[in-house]
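Shared between the two complexes below is chain A, which pairs with chain B and chain C, respectively.
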Partner chain A sequence: MRLKIDKLGVVIAALLAYGAFLAPFAQFRANRIVPGEARSILEALPAGLGAALLAFVMISIILIVLKTPTIVRLVLGLVALLVLAVLIGLSAGHLTPPENTYARVSPASGFWLLSFAFALVTADALARLKLSPFARVALLAAVAGAIAALLMSGAWDGLSILKEYGSRAETFWLEASRHVVLALGSLAAATLVGLPLGILCHRVEALRAGVLNVLNIIQTIPSIALFGLLIAPLGWIALHVPGAQAHGIRGIGAAPAFVALFLYSLLPVVANTVVGLAGVPRDANDAARGIGMTDRQRLFGVELPLAFPVILTGIRIVLVQNIGLATIAALIGGGGFGVFVFQGIGQTAMDLVLLGAVPTVALAFAAAIVLDAATELSSNKPGRAA
Partner chain B sequence: MIEIDSITKRYGDTTVVDNVSMTIAPRTITVIVGTSGSGKTTLMRMINRLVEPTSGKILIDGEPNSAIPGYELRRRIGYAIQGHGLFPHRTVGENIATVPTLLGWEKSRIDAKVKELLTLFQLDPAAFGPRYPHELSGGQQQRVGVARALAAEPNILLMDEPFGALDPVIRAKAQEDLLAIQKHFGTTIVLVTHDMEEAFHLADKIAVMDKGRIVQYAAPEEMLVNPATDFVETLIGAGERPFRLLSIGSVGEATEAGEAEGEAIAAATSQRDALSALLWAGRDALPVVGADGTRLGRVTLAGLARRAARPQ
Partner chain C sequence: MKRYLPNLLRLAALIILIAFLVQPMLFEPLLKPLVQANAPAVYNQGSLLSLTLSHLATVFTATLAATIVAVGLAILVTRPIGAEFLPLSRSLVNIGQTFPPVAVLALAVPAVGFGEKPTLIALFLYGLLPIFENAMTGLSTLPPAIVEAARGTGMTAWQRLTKVEIPLALPVILAGIRLSVTISLATATIGSTVAAKTLGEVIIAGLQSNNLAFVLQGGVVVAVLAVLIYDAFSAVERVLSRRAGRV
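Take a look at the complex of A and B:
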């Protein structure tokens, strides 16, 4: 029997070998802003564990290079990610001198490379398994649960990013909720306005080009510039419209951030509504009129259900885009995870930057998976969409 | 009865339908033929007001069709189009139930109707009712399209090139089905096509349209014998005349007394098909049998030749 080589596996194996034997596993710093010192796997982990991890990586390399069954690769990837997650937590305890609260331990390039390589193995295996939408969401929930369990168990408490969290726990959740409200709220507003606007653009051809061009131009305005442009009108409203200020409308703060995100969201929602409605088969539309549906019945009974998967794709784009963009809101005092990113940059404290960036990426990633699954469900079972 | 009274439709400066008047008798099949752009589809779509006329009026059973809102009018008139126009996100059963649901029928009555129509179109209700249109063949989709048009038991059925997308074998079957359905329900059918063969096969009366006007509105035989204009003659095709004449009548009408050898022909077959069977069999005569298999007599080459000749 000849053993077959997996091409992607060779690349991943090279990454693993470099990450395990040449790159530093963890980084040690005497305090949060001094440059760090690299620690290899053998240095970063208690004696037996370091050697065991190296052995584990070597076995993994063999399994990954050969054409092993997909399910084996999936289990290997998931187990390896879990092992790495636990070990990096242990290395923090191992490297930090006792009673020292200034020292910081953070994952270094070796850890990230190993994680990336095993994540690739997992993602590749998942893609090959072609999981159903429900299975993908369930897997996402399981991963989220595992991360939550690790966080609660205290296994990562020694890591620098959690030390930053420890000193800001209250603000973290406040900013987290602001971030979610900004991203979801602007999406909801954009859907409420964009959907009818898209329907109107579909029905009234004269409006279509004009509306889409205006929204296109808005998309090209850089976010910082848009914030600047919004200061004057919102400031004027705050001054002259009774009650506006009481509702938090001011030239800076959450209001302009919300308005900016809303404006950016409109184009994908409106454009996808127009495209979705235009994609409804002419025959079906003609028949719907011909057998006596009113315009309203045709819209809700035929056009929107058929356009729904395309509209949902637009909403997915907006949600992922907004979760990322909401970071910028911190620049004008709008709150959100961006607060930590910009504070971190100001203090040259990378751990603080990560405290803002990691949850943002995780949220966007989760939103993408959930909405992709929803889109697939709605287009797979057209009868249930109505 | 549909009475079309000097109806005109203009889009800007172009006149699509130009002062057309015609009366369509109840329980008949009227076929409107013409080249593309002749206004035949627009004329038909003014009957159920998918297109509003610029001037003129249309009476349905004596009532102007503008007396009630367009959508209510359309629920009373069946409508089937080329490429069936089924709703892809609804099952076959839901598609057929569309108009009865709009009319607020009771669920049990709707279910019974869907079942009846599927059975009538030779589709097993249990197997086909829950399927989606894309799971059906072209011929099946077309049948479901006609079934949906008939679901609310309309007196009038409008069909816009309903068989245009079907292959010749399935088209012939669909045309036979339509004739049977028309007999079964006594529906008044107005059908638009550019296929003269189809027109002569199905029509009680044919209306030929050219540049928005009706150039001749007559029974098929009449049209063959006395084409009103050169255009009608070209459309019929001079070389096809005897065969078109034969395709109108059935073998039953041409049966003579006497015996004949060979494979029997059913009385319902068109005379044209009988002629081809005779020629192909190389015989002068073939026996004719009724639907129940009894011998009725024979059909002869000479008899058909007489019938194919220009009537005096």
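Take a look at the complex of A and C:
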């Protein structure tokens, strides 16, 4: 049997070799903000475990460079990520001197490179396997479950980012819920307004170019400026419209952030509704007219269901974009994970930045996977001719 | 008349923009109503022109680097030798776009410190994706008849790439660059939260001192720049696609 070399595998193997042997695995700091000292795998892990990890990486390199079956690579990638996740937790316990509450241990470049390389192996295997939408969501749930289990078990409690969490657990969940409310609430509002607006633009051609141009221009206004510009009108409403203040409308805070996200969300929803409706086959419309459907029946019975996958793609764009943009809300007192990001930048406490950035990325990532799966399911609905 | 109207509007916008950047005090009466009595109505903590130029320079550098890397990678994965990288690069493009720009920016700071560098890195990484996606689409959807004809006339692989495939894919690649530049122009303002010299400084100064005029001028300058650059790219694309016969 002739052994074949996998080209992508060679690139990933180079990353793995560098990450394991040359880059530091963990970083140790005497307190929260001093510069860190690098620790290699052998220094960062208890005797034996470090050598075992190096051996594991070497075996993985061989498996990855050779053309091994895709399923082997998938399992290898997932197992390796789990191993790294457990070991970085152990290294925190190993590096922190007993009884020392000031020392901080965080993952260093070697850990991130190894994780990145194994994530590439996993992503490549998944792309080649072409999993069904349900399988992808199930895998996402399994990974989320594994992360939750690691968090609950306390395996990561020694890590710096969790110490940052520990000292502000209550705020974290408060900001988390504000972040989700901002992102999802503005999406819901944009869908409620954007869908009818899109249908209107589809039916009334004179309106189309104008509406889409205005929405396009809104997109070019930088997010921090749009957030800032809305402070004035909302402040005015709060002062002059009776009852507005009672409903939480204020010049600064969540209200301008909500409106800004809503405005950014309109373009993808409206544009995709228009594109989706324009893509409805003429025959389908003619047939619907032929059997005597009214305009309203045609819209709800034929056009919208056929345009649904395209509209859903627009909603996916909005949701992922909103989850990211909601971090900016913190600049105008709107809360969300951005609070930790900007506080961390201000205090040059990078673990605090991570405490805000990591959940944001994870949320956006999960939202993209779930909505992609939903889009694929809706466009493969049985009974819909391709 | 109707055909020239958009171009006249663009020209007017450009002239007003330049006038504002060179002589901002001329516009003070317009901005005055937006601020409280004693607050300055025009940004006074630095030159608007030099901030705009360094904003544009940051975006240009990042986009140039992103274009070189993204087009190079797209050429690689569309050759037979790089075909093994194709499935992964497709899914990387998808995954990469879920990373919020703020998070990329914030995560770059620990690696390279404050200033221009994290902004450049974030803009570079974020700019890669649209360009790569479009270059890949452009290079892999060429009309097979033309590629075959080029092969038939005895062109080498290199000649086919530089004389046939890239010129034909250019309009689509440019569309990717246009998207990337527009996103970067807006995202660069966030760079000022990590001390990069961009127009974001004006906006953030406005947010901190509750000065609406600052926020407005920073935001509008960026938006006008973005619209003008977007339109310029679209015009070049139209000329190129007419030449490439794609229309």
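The rule we apply is simple: the second predicted complex is superposed on the first by the 381 of 386 C-alpha atoms of A that agree within 3 Å, B and C clash if a C-alpha of one lies under 4 Å from a C-alpha of the other, contacts with A are read in each partner's own complex, and residues count from 1 in each chain.
By definition in this document, a contact is a pair of C-beta atoms (placed from the backbone, for glycine too) under 8 Å apart; a residue touches a chain by one contact, two chains touch by 3 or more.
Please read all numbers here as calculations on a predicted model, not as lab measurements.
Following the overlay on chain A, give me a clash-or-fit verdict for chain B and chain C.
fit
Report for A:L78: first if it touches chain B alone, second if chain C alone, otherwise both or neither.
The answer is neither, since A:L78 touches no partner chain.
Let me test your reading of the model: by the given contact rule, A:M350 touches which partner, first (chain B), second (chain C), both or neither?
Touch status of A:M350: second partner only.
By residue count, which of the two partners contacts chain A more extensively, chain B or chain C?
Touching more residues of chain A than the other partner does is C.
Quick one: classify A:L299 as touching chain B (first), chain C (second), both or neither.
neither
Applying the touch criterion given at the start, work out whether A:I231 contacts chain B, chain C, both or neither, answering first, second, both or neither.
second
State whether A:L266 touches chain B only (first), chain C only (second), both chains, or neither.
So A:L266 meets neither chain B nor chain C here.
Go through the superposed model and pick first if A:A255 touches only chain B, second if only chain C, both, or neither.
Neither partner.
Considering only touches as defined above, state whether A:A288 meets chain B (first), chain C (second), both or neither.
A:A288: touches chain B, not chain C.
Mind checking the angle chain B, chain A, chain C on Cα centres after superposing, to the nearest 10 degrees?
80
Please provide the least distance in Å between a C-alpha atom of chain B and a C-alpha atom of chain C in the combined superposition.
23
Can you list the residues of chain A that touch chain B in one structure and chain C in the other?
none
Once bound in the complex, which stretches of chain A touch chain C?
Counting only chain A, the residues touching chain C are 6-8, 120, 123-124, 126-128, 217, 219-226, 228-229, 231-232, 320, 323-325, 327-328, 331-332, 338, 341-342, 344-345, 350, 353-354, 356-357, 360-361, 364-365, 367-368, 372.
What residues of chain C sit close enough to touch chain A in their complex?
Against chain A, chain C makes touches at 34, 81-82, 84-85, 87-88, 90-92, 94-95, 97-103, 106-107, 109-110, 182, 185-187, 189-190, 193-194, 199-200, 203-204, 206-207, 212, 215-216, 218-220, 222-223, 226-227, 230.
Under the definition above, what is the set of chain A residues touching chain B in their complex?
Residue list for chain A touching chain B: 281, 283-284, 286-294, 297, 301-302, 305-306, 382-383, 385-386.
Can you name the residues of chain B that touch chain A in the complex?
Result: residues 48, 50, 71-76, 78-79, 81-91, 94, 98-99, 102, 132, 145, 148-149, 158 of chain B touch chain A.
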